[in-house]
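Dropping the structure in here first, questions after.
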Amino acid sequence: MDAVLVIQSLISGIMIGMVYALLSVGFSLTWGVMHVIHISHAAFGLLGAYLAYSLLTIYGIDPVVSAAASAPLLFILACGVYRLLIKPVTKAKEVIVASMILTFGLAIILENIMALIWKADPRIMTPAYASGALILGPFYFQHPHLVGFALSIAGIAAVYFFLKKTYTGMAVRAAWQQPEAAQLYGVNLYRISMITFALAVSTAGAGGISLALLNSFEPHSHNLWLIYLFLVVIVGGVGDIVGTALAGLIIGTITGLSMAFLPFQWVNLVTFGFLMVFLIFRPHGLFKQGA
Amino acid sequence: MLRVDNITVCYGRMEALRNVSLEVAPGEMAALIGGNGAGKTTLLNAISGLVPATGGAISWEGKALKGFAPDRICREGIVQVPEGRKLFPAMTVEENLVMGAYLPTVRKGSREALAHVYEIFPRLADRRRQLAGSLSGGEQQMAALGRALMARPRLLMLDEPSLGLSPKAAAEIFAIVRQLNQEGMSVLLVSQEVLETLAITVRGYVLENGAVAMEGPSAALREDPQVKASYLGL
Amino acid sequence: MQGNRRKGISLFAAVAVLCGLLLTAPGAAIGAGKPIVIGGSLPLTGEFAETGLWIERGMRYWAEEVNAKGGLLGRPVEFKIYDDQSNVGKAVTFAEKAITVDKVDLLFGGYPGTAARAVMAVAEKHRRVYVSMGGHMKSFQQGYTYSFGAPPLMGEWWYEGFFQWLNTVPADQRPKRAAVYTINNPVGLSLQDSINRWTKYLKIDVVINEKYNSPLTDATSLIVKAKQMNCDILFSNGFFPDGVTTVKAAKALDYNPKAIVQGIGSVVPAWVKELGKDGDYVFSGTVLHGMLNYPGNDKLNAYVKKRYKLPAYPLYFGFGYVWMQTLQQGVNGAKSLDQTKIRDWLKTHQVDTIAGPMTFDKYGLPAPINFATQIIDGKAELIFPKNIRTKEPVYPKPAWKK
Amino acid sequence: MKKAPLIAAAIVVVMLAAFPFLSPEVYYLSFMFSVFMYVILASSWNLIGGYAGYLSFGHAAFFGIGAFATAKMAALFELPPVLTILAAIPAGAIAALVAIVIGYPCLKIRGPYFAVVTLCFAFVVDLAVKNIEWLGGAEGIWMRIMDVQEKLSRSIMYEVMLILMVATLAVAWWVGRSRLGAGLRAVRADEEVAETMAIPTANIKIQAFVLSAFFPGVAGGLFAYYLTYIHPDVVFSINISILIVLMAMFGGGGTWLGPIIGAVILTMVNEGLSTFARAEIARIIYGTLFIVVTIFMPDGILHFFLKRNRGR
């Protein structure tokens, strides 16, 4: 098998995997910290993509700028969603199930609001550099891949440092590991949950924008994205930021390798099949030894 | 300083506390003793604002505290070291300590506080980069106590600090608590080790089935035949 | 207390949203006389919403036109359109609802091919004329007598025009090695048919012939392979998302074959609108085109230009219109709404539509129609047959401009 | 056992069975057919997802396996349409067999991880069928049309699906009151504790999983016949998998009645909305329904009313 093909497939596979990781980081966080499986996470990502699309086509604003600009917007929006919708279900007997049903409804609403605003036509994010590539020897680093990859690294690193180095971030981790004790030392769980949720949604926006640089999108695209979210989060381990990033790499590598070595017809099958086997043998993600 | 007046706490339809009153004077070390399920932890949690009290009042330096959220109560300087330590297991020892100074009011000067904690517990300084979940029981209790100190408490509430510790480690913890008290900190100590507890405290309360069964100077309680029979096995 | 208030706010918000939505929902259509009702379902939400909405627009434009001219058989026409949510099961149920509950006078065709395949059976069982794009050749071979492809979206025919044109290119300038990437679904499989026949005839070596399953998240490897194998013609037999991914990768990786042929994706208006210059020079086929010299096309183009700001009407707008046109002529010819009479009239007479004149064989199919198209300067131009050519084909494809 | 509910259920079944004899329009038969189908899917999912708390997100796989197995058998043995209906039963058995093979490794995995494994499983089956030409591949399979009047044909399908629904609900009822059900509930409450109580957890989970795969398999076979043409995209759709879960949970997971309530309400509301509101608006209202119900009844409709009654 040709080395250039293999390496080239790996390059783009890994870059795309990282973009999925950025989209997944927030999903992992809400799931891990709040026990809320946020089905409309990808729909918020798609909303970010649409906002960036409009900013690009109307005002010529670069998607990277939009990714930064849409983050606070989505943050505020998510705070409202948290207050009105998520908060009430955190009192349910089974938060995971209740939150899934609720956010499933929210995803349908978001999808159709986007269909009303932006119409059902597919869109492509085409900034000036969209179809260029950085050429290193025989290898091509496509610009959208590079930008998506860079955004993902930046986004995931930002979340990582937020959790590791800031008081609020530490409070998020503390609230997750030991909610009672965290409260005793002054952590307001409600506020922390809201911040976690809103932060997650803002990273979804950046993830959606990165993904929109790679593939076309339509109002229903979030359904497909959601599947990748689940896979990345489960492989990486729920709530594990570094794990999520690595899971993106691993899934990207698997896809890249199967793209290089297998008939294309079998690529998706092998990817999902591998993930299934992986989950059977390492059901708690990459690092955790058990629940 | 802290006054608990006739509070009642219910879990569903079960009354966990019934008309409980208690007081801790400034600089005092008070004891709260009682058997399993007597409601000791519930009382601390009610003071800390973790569980809502349905009736009665809690006041702190004349201020009404009942109904306040836990973070508000922590801000007042009432800090609890919860039963079973409840450290943040996947965070390092240092992160655990830093979390103690989470409130903005105590964040300033937390560096000095950290140095002070390491001074009191040199073992924690050695283990500062280690995950809290990997510590031994005694070290965990030290970390939990250290974390509480980071919040600069004026009233320290300790829930079963010696539970599951070796006698040596327990003695060490008690010694430190005693020293803290002597430096002026008010302490409310909850423990099943009745003898030791009553030995180092001034006043004590005996909780039974969610109500105060007895109260008085610790020395007197130690001599009380009923206490002797129920808790000291004499 | 706190919880209750929050719940109250939530309830209030929900009720407010609901009320707002109900107010914006359109009221029932106003009946005039006893209208002829045409019913069925289209995917107006979900995966195929875009196409479904274009078909609906085409149909509605036809109704506007017919009603302005006094209606069908002297009666106004009216639609009963259900949203099947891109779900084939629902398409079947709604077709049955239209037929048996709403007792519509006529049935209209749905989308996509999988839905059409299932609804064709419903139409047959209820003896209803069903004019649609069908589900490619296999669906018309099932022995259904009430189904018409007028015109069909026939994968098997899709590249006929292109290959006929390629046949006119001097042999030494034709591509020698082909890379064929096909989406693994009914459309893709049908598209392969003509490629297999013609590449053999034109002695083009099919070096790569692979299928992929949707979604295609990345086409880098596909393009690298084609590039390494020196393929000088690329067939990207897929829908819009995978088509875009493939073409974008071809540009990014600076892959310059003599021709890129794209199946169904490049006929969607978004192709030129969203891809811009990168979508240029892609070949495809069509059964319908605004520039074809058949009566009615000008009016449709003018309408679409005014209403949707598009240079020519999109394929599926045309489909919606032409299926209705066929049905209209069937009804007028049979002078009745009797389904069997309409069917028999359609089987024995010629209809004249914006897609040209058609007569149907026993499968309900017209003679194979296909025109080759190429996107040139952001417009889908007709390039073959010569007599309908709107622009000279650009071949070989110019190298990508960076 | 109390007689009243049994009599009520019997009356409902008899009324439902009598419905086609009133000669309703075909659509109502088809619509009820789909209501029954979703009741079957949600109730059988509930055996593993509700009682045992193992949320399977790949149940469309069994539905699709049943559909393709039926269609393939019909084509292979050139079965006349009436026998095709019967072929749905061995098709269900095939789905159950697959459930054994898959359940054995997958049921060792708990919580959300199980959900994702089953999700992957459904994709794998879907993609595999698409790549196997012998099964029709990405082209799909056509089935023969029954040579009787359409109303009669749909009435037959209606009655058959009704019988299957009654069978499913009877089994669900039995499981709910049997030792199996008690064991499953113990697993849901705390699997470790259940193990220490000497409940053969692995064994009963497999039993529940196999039962929960069998009925959707048969339903898939009937659905294939109902559609006349099946394609992997249609019968393996992730939307079906998710809808099943939502229906069961929406009504109240882990109860006998909950999935029935959920399936009936959601199917009816979705259908009803399509007729009175415009497409996107209808979907938005549908989505709002999930939100409103979850906020006010976070544990499902049935649990909400049970709790209220208990409160009085």
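Letters are used for the chains, namely A, B, C and D, taken in the order the chains are written, and counting of residues starts over at 1 for each.
Criterion: a residue touches a chain if its C-beta (ideal position, glycine included) is under 8 Å from a C-beta of that chain, and two chains touch if they have at least 3 such contacts.
Everything numeric in this text was worked out from a predicted model, so none of it was measured.
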Remove chain A hypothetically, without shifting anything else, and describe the chain groups still held together by touching. B | C, D
If you average the Cα atoms of chain A and of chain D to get two centres, how far apart are those centres in Å? 31
If you average the CA atoms of chain B and of chain C, how many Å lie between those two points? 73
What whole-number Å value describes the gap between the mean CA coordinates of chain B and chain D? 54
Junction residues of chain A, two or more chains touched: 85, 88, 91, 111-112, 115, 265, 268-269
For chain D, residues that touch 2 or more chains besides their own: 127, 131, 239, 280-281, 283-284, 288, 291, 295
Note: chain C residues in touch with at least two other chains are 7, 10, 45, 49, 184, 211, 213
Touching pairs of chains, which are they? A-B, A-C, A-D, C-D
Per the touch rule above, chain A residues touching chain C in the complex are 2, 4-5, 8-9, 11-13, 16, 83-85, 87-88, 91, 111-112, 115, 119-124, 126, 130-133, 140, 142-144, 214-216, 218-220, 224, 255-256, 259-260, 263-265, 267-269
Touching residues of chain C toward chain D in the complex: what are they? 7, 10-11, 14, 17-18, 21-22, 24-26, 44-45, 49, 82-83, 85, 87-90, 92-94, 96-97, 99-101, 114, 117-118, 120-122, 124-126, 135, 138-139, 142, 184-186, 188-189, 211, 213
Mind listing the chain D positions that touch chain C in their complex? 25-28, 30-31, 34, 127, 130-131, 137-140, 142, 145, 150, 153, 223, 226-229, 231, 233-234, 237, 239, 271, 274-285, 288, 291-292, 295-296
Hey, which residues of chain B end up touching chain A in the complex? 48-50, 69-71, 74-75, 79-80, 82, 86-91, 95, 98-100, 102-103, 107, 147, 151
Chain C residues within the chain A interface of the complex: 3, 6-7, 9-10, 13, 45-47, 49-50, 52-53, 86, 181, 184, 210-213, 215, 217-218, 220-222, 224-225, 228, 240-241, 244-245, 248-249, 251-254, 268-270, 273-276, 278, 400, 402
